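So, here come the structures, one by one.
Here come two complexes built around subunit A, the first alongside subunit B, the second alongside subunit C.
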Partner chain A sequence: MIPGNKDNRDGWLFSIPFLLVFVLFMLYPLVYGFVISFFKWNVLSDKVFAGFQNYISLFSDEKFYTSLWHTVEFVLITTPVLLVIGFLMALITTSKSPLKKVAENVFFIPYIFSMTVVSTLWAWIFQKQYGLLNKVIGLVGIQPVGWLTDPNWAMWSVCIATFWWTAGFNMILMSAGIKQISSEIYESAMIDGANYRQSVFRITIPLLKPTIVLCLILQIIASFNVFGQVYVMTGGGPFGKTRTIIQYIYETGFSYFKMGYSAAMSYILFFIIMIVSVVQYISLGRKSNE
Partner chain B sequence: MNSTSKTKRIIYAFLLSLLLLLWFFPFVWMVFTSLKIENEVVTKVFHFFPQNPTLANYIKAFSSSKILRWMLNSAFTSAMAMILTLVVDAPIAYAFAKIRFKGRNILFWAVMAGMMVPFQVLIIPLYLQFNSYGLINTMSAVYLPRIALPIGIFIMKQFFEGIPDALEEAAFIDGASRFRIFSSVILPLGKTAFATVTILSFINCWNDFLWPLIVMNDTDKYTITVGIANFQGTHGTQYSLIMSGAVIACIPQFIFYLFFRKKIIAGIAMTGIKG
Partner chain C sequence: MKSLKRIAIVMLVLCCMTSLFAQGASEAKTSGPRIVTFWSLFTGGDGEFFDAIIDEFNKTHTDIQLKNDTVKFDDYYTKLTAAFAAGNAPDMIVCHQGNLLNYVPSGQLLALDEYLKADNFPVSDFVAAPYDACRFDGKQYAIPLDVHPIIMYVNMDLLEKAGIKEIPQTMDELIADGLKIQEKTGKMGIDIDNTTAVYKAYTLTRLFFSFIYQQGGTFLTADNKAANFNNQYGYKALQALQDMVQKYKTTPAGLDYDTAMNEFKLGDAAFYFNGVWATGTLEQQAGLNFIAIPVPGFMGKPAAWSGSHTLAIPAKANIDPEHVKDILTAIDFITGHGEMWAKAGHVPTRISVQNSKAFADLPYRKGYADSAASAVAPPTTAAWDEIYGTCSDLLEYAVVNGQPIQEALDLMETTVNKIIATY
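And then the complex of A and B:
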């Protein structure tokens, strides 16, 4: 734009610090991990080229399938629930309720606490003998449930703790979206006699669609990466019933030191997340073109 | 008409209070448990309020673990992540926003594609890489992989684009170089965007669990997230003690939240609206 400018030089100079970090801690490990996934490597021993052996073994590894399934299960449970709770919370915090400020804080604060704090707290609430939940349901005469030790309940319990922890994040995204909807639309709908429910379903939800889709994408990616809360609350148990794919990657790499195998698993997970994201982006693009 | 809207209002108020209660109650329970003596916690009798409130658990948490140390470690690594994120990410965000250089678009999309790579996928190669640098079990291992924050670049770029070109052109005419303009015109204007990015980066690093779990081996060097998980593991059924540890671990983040509430929320909202 300015004659004799040095834009080409300056642009790259300004990019250098980031590019160094980007190459060193993102591109390089991405490529390196892919290379490792073709080796049999137990850290202490030498690397041995194994071709597709790691990937082939994966497909007959039952633990891999079950771990992957637990992650998918977690995604399927948490994604819709967290979107709905987040949306309800956003409706509350954008309403005229006198409690909306209080509500916004109460709903959001769990999100800023670290996952391990949240997990230890909920592990205590879910504790079988002395935990709060069993004491409360005991008041109405229900037998104590092993929330974290019963294979039928463990995953649900982890999901409940996760709802409490992260719903506030979706609330913030969605209420920001709702605030962008012009109040005139609601006013004219009111004049035309629309009730609250109609204005939510006919105005808010359709106009909030881009935000909802974004929440969906972020939520699915976040849920696919679930590890910490499960690891702290159940350790993957009972009987491996809640072991997630990240936990299996972690254990394979850092308890059994099978680096190549673990890297191969990471790449399958990466591949799955990529496909899910790409499918979502494409369908999102199509919708916005309509 | 009036009576139905009244019942509706009551139902609405009831649901709201229920949701609020569900979200608020676990905090109360955490604090109350931490104030109870051990015998009161591990009993079939159900007392909601602490019968003999005591701070003994807090004293024990401080003396029997390295919880203060862990918090300092987290504070240090998060602060480093925060500072380095700005140093590294702000210049390229400015370049994307204001400098028309060859390859800008391709570079921008490459960086944004980086956002798609889940960190967890990189843990094995990153570990091996840090191991070969001899950085395992050092503080820098915790924050170094955290400073390339594509979302931060995105936020800052949006912000810089909003700064009128006229400001820079005036400086150009006065003969200022790019670096001069960046440091004396752009940086002072960017405060809001920087605040948002540093806060996101701080939270990001403070709450990280898997990566510090992998790279830190000494209990002395744990971050608070790993420390609390370890604290829970070693104190098994001493729930009131564990809860006091959890409360202590919450305090810095709570203070952080009180100070930066608006910025934190704005940061998250921004990633949503512009993303």
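And then the complex of A and C:
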């Protein structure tokens, strides 16, 4: 039997079902995917060993760079905005306002909708000819805007839909963090004559730093993985100007059946995200522990 | 007592886990009808019409029964490929003609020639163009169920209002008519989507493709190894499409698929180009007086991009010829009842069906049935999906932004050749 005391043995026994699933569906594909990236494979034929060819190709593939850039654009736009919106929402839900329970529900409910529902809904709101938004701005005489068909607006429109959809998640994390701040600190600050703005900037934000850093890291990882809402709302258009790297990876692997190349791109993305997360954690995470 | 409780919990967990293995209980051979399993990619309206044909088959055949082996789903081809890789594809599959090439080279599909001959399959009853599009390396790998080409829809009320008596047959006539429509009625002249939003703006690519073939050219070289559109044919085709938006303004820029469809549906556009599948939606619109005809040979002889749904048989080791006979019986029935399938708007591929009264009685369908003969299938190369999607982006950009034609063609040619080299 497994050596050690009974707790250890029970722990292992109860963990085994999860570990099995984890190894089979997470670890194995992770390693296998890395192996595939060194082959040329279209799923139905035999694998042909290609060495580093896939990696070399992607460094000269313009579409790889443009797709990666579109994803980075998305990360740069959504991350700060979602953090700020989430924080503001959290302030509202932890305030003394009578509306705070209602606000909490209103802010979080969009998050439980599925990606397809949200994307289809917003795609129709943004529709140039028949969409709600253009009808509304038409009332004040503004010409219809191609929210999803004009290359200057398309990415912003997808970002706006994303703000509505996912800001609630940051709100939950941050309001939990705020609730952990002892109310005595606020009380003593008020006694010393601090106003609301000062208490937010001098007390709430500094003490919330660990949560903010956590949200930042999670947000960046999630944004780098963006695919669904862009794919449904713009199909990567107009003229491929919003195609994200995940969409390119998906199309390459599952529409064009270039599995090895697709795997190589996904591992480059993996390394990029990992480096960004580690750098963030080291530079921000350490500081908050001082 | 504690250890007893522990054992009980472990036993409970194990019992629950056995339910995971309980799915394929018995494969006992019954002496009932022989089952032919199939997968279909049809959903929505198409799905209902296809189901009706399957039900009709099952009602009229006691010896063979068709069984859809799985629920309708998205990502059909991903799951089909996975099934082939795992070796459990069904007996019969629906497959787009353009996707057959993903499965033929690796031998996943059965070559049908000898079985067709042995069974006296009514090969001659099929329209030649779509039938031959299912031949690869001299062997028949699928039977076409339908063709769904790009056709032209025309709003007859708007034409009457603008005083246009005849359907335009040349590009000059089309442009002139489009301008006249806009002048006399204020509605959109030529309705061609040119920007990807929720749906990809494939219409632009399909027309560019069609115009090249109308002039006698081809999109790729005969061996499918290089682009063949950077010439006078491609130039004329792209120029015409770009002029509609930039020069004559018969078509607005930034027009997406949904808007294009709805503008015509609401009676706000005169000449609309889309696939035959739009017929189903358009005929539901009360008060819309329109006709649906094959794309005229604006640049030469009639020719139009076309997709095609086909029925194929996955190859399996030791496949039983009697079983193949059953599958072919089903295929014969399904294609032979093309007038039921035509309700979805698609063009049936059997000549007998096209000539039948049941088909003629369907509104609009007879009007574009001839388009099957001038249908042009996409080139048979594994690179086609990527070429098609990439060209769509580049053509959209060129048309909407007024990019110099030669520059656009040069870029498309270089990009397409680079893509082909990666396969």
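Everything that follows uses one rule, which is that the second predicted complex is superposed on the first by the 274 of 290 C-alpha atoms of A that agree within 3 Å, B and C clash if a C-alpha of one lies under 4 Å from a C-alpha of the other, contacts with A are read in each partner's own complex, and residues count from 1 in each chain.
Going forward, contacts are C-beta pairs under 8 Å (C-beta built on N, C-alpha and C of every residue); 3 or more make two chains touch, one makes a residue touch a chain.
Fair warning: this is a prediction, and the values are worked out from it, not measured in the lab.
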Worksheet entry | Broader residue contact with subunit A after superposition on the shared chain, subunit B or subunit C | B
Discussion item. By the touch definition at the top of the document, which applies to A:44: first (subunit B), second (subunit C), both, or neither?
Written reply: second
Discussion item. Looking at A:113 after the superposition, I want to know if it touches subunit B, subunit C, both of them or none. Which is it: first, second, both, neither?
Written reply: first
Worksheet item: After lining up the shared chain so the two structures overlap, which partner does A:80 touch, if you call subunit B first and subunit C second: first, second, both or neither?
Response: neither
Discussion item. Contact-wise, after the overlay, does A:254 reach subunit B, subunit C, both or neither (first, second, both, neither)?
Written reply: both
Worksheet item: Is A:206 in contact with subunit B, with subunit C, with both, or with neither (first, second, both, neither)?
Response: neither
Worksheet item: Just subunit B (first), just subunit C (second), both, or neither: which does A:267 touch?
Response: first
Practice prompt. Please work out whether A:240 is in contact with subunit B alone, subunit C alone, both, or neither, and reply first, second, both or neither.
Written response: second
Worksheet item: For A:57, is the partner it touches subunit B (first), subunit C (second), both, or none of the two (neither)?
Response: second
Discussion item. Please report the subunit A residues shared by its interface with subunit B and its interface with subunit C.
Written reply: 10, 13, 17, 120, 123, 127, 129-130, 232, 254
Worksheet item: What residues on subunit B touch subunit A, complex-wise?
Response: 8, 16, 19-20, 22-24, 26-27, 29-30, 33, 41-44, 46, 87-89, 91-92, 94-95, 99-104, 107, 111, 114, 116-129, 144-145, 147-148, 153, 165, 169, 172, 178, 182, 203, 206-207, 209-210, 214, 224-226, 228-229, 232, 239, 242-243, 245-246, 249-250, 253-254, 256-257, 261, 264-265, 268-269, 271-273, 275
Item to complete: Using the touch definition up top, name the residues of subunit A that touch subunit B in the complex.
Response: 1-2, 6-15, 17-19, 21-22, 25-26, 28-30, 32-33, 36, 88-89, 92, 97, 99, 102-103, 105-110, 112-117, 119-125, 127, 129-130, 132, 135, 138-139, 164, 169, 172-173, 175-177, 180, 196, 211, 214-215, 221, 224-225, 227-228, 231-232, 246, 249-250, 253-254, 259, 262-263, 266-267, 269-270, 273-274, 277
Worksheet item: Hey, which residues of subunit A end up touching subunit C in the complex?
Response: 10, 13, 17, 42-45, 57, 63, 120, 123, 127-130, 146, 148-150, 232-240, 251, 254-258, 261
Worksheet entry | Of subunit C, residues touching subunit A in the complex | 6, 10, 13, 75, 77-78, 81-82, 84-85, 102-103, 105-106, 108, 195-201, 254, 256, 258-259, 262-263, 382-383, 385-386, 389-390, 393-394, 396-397, 400, 422-423
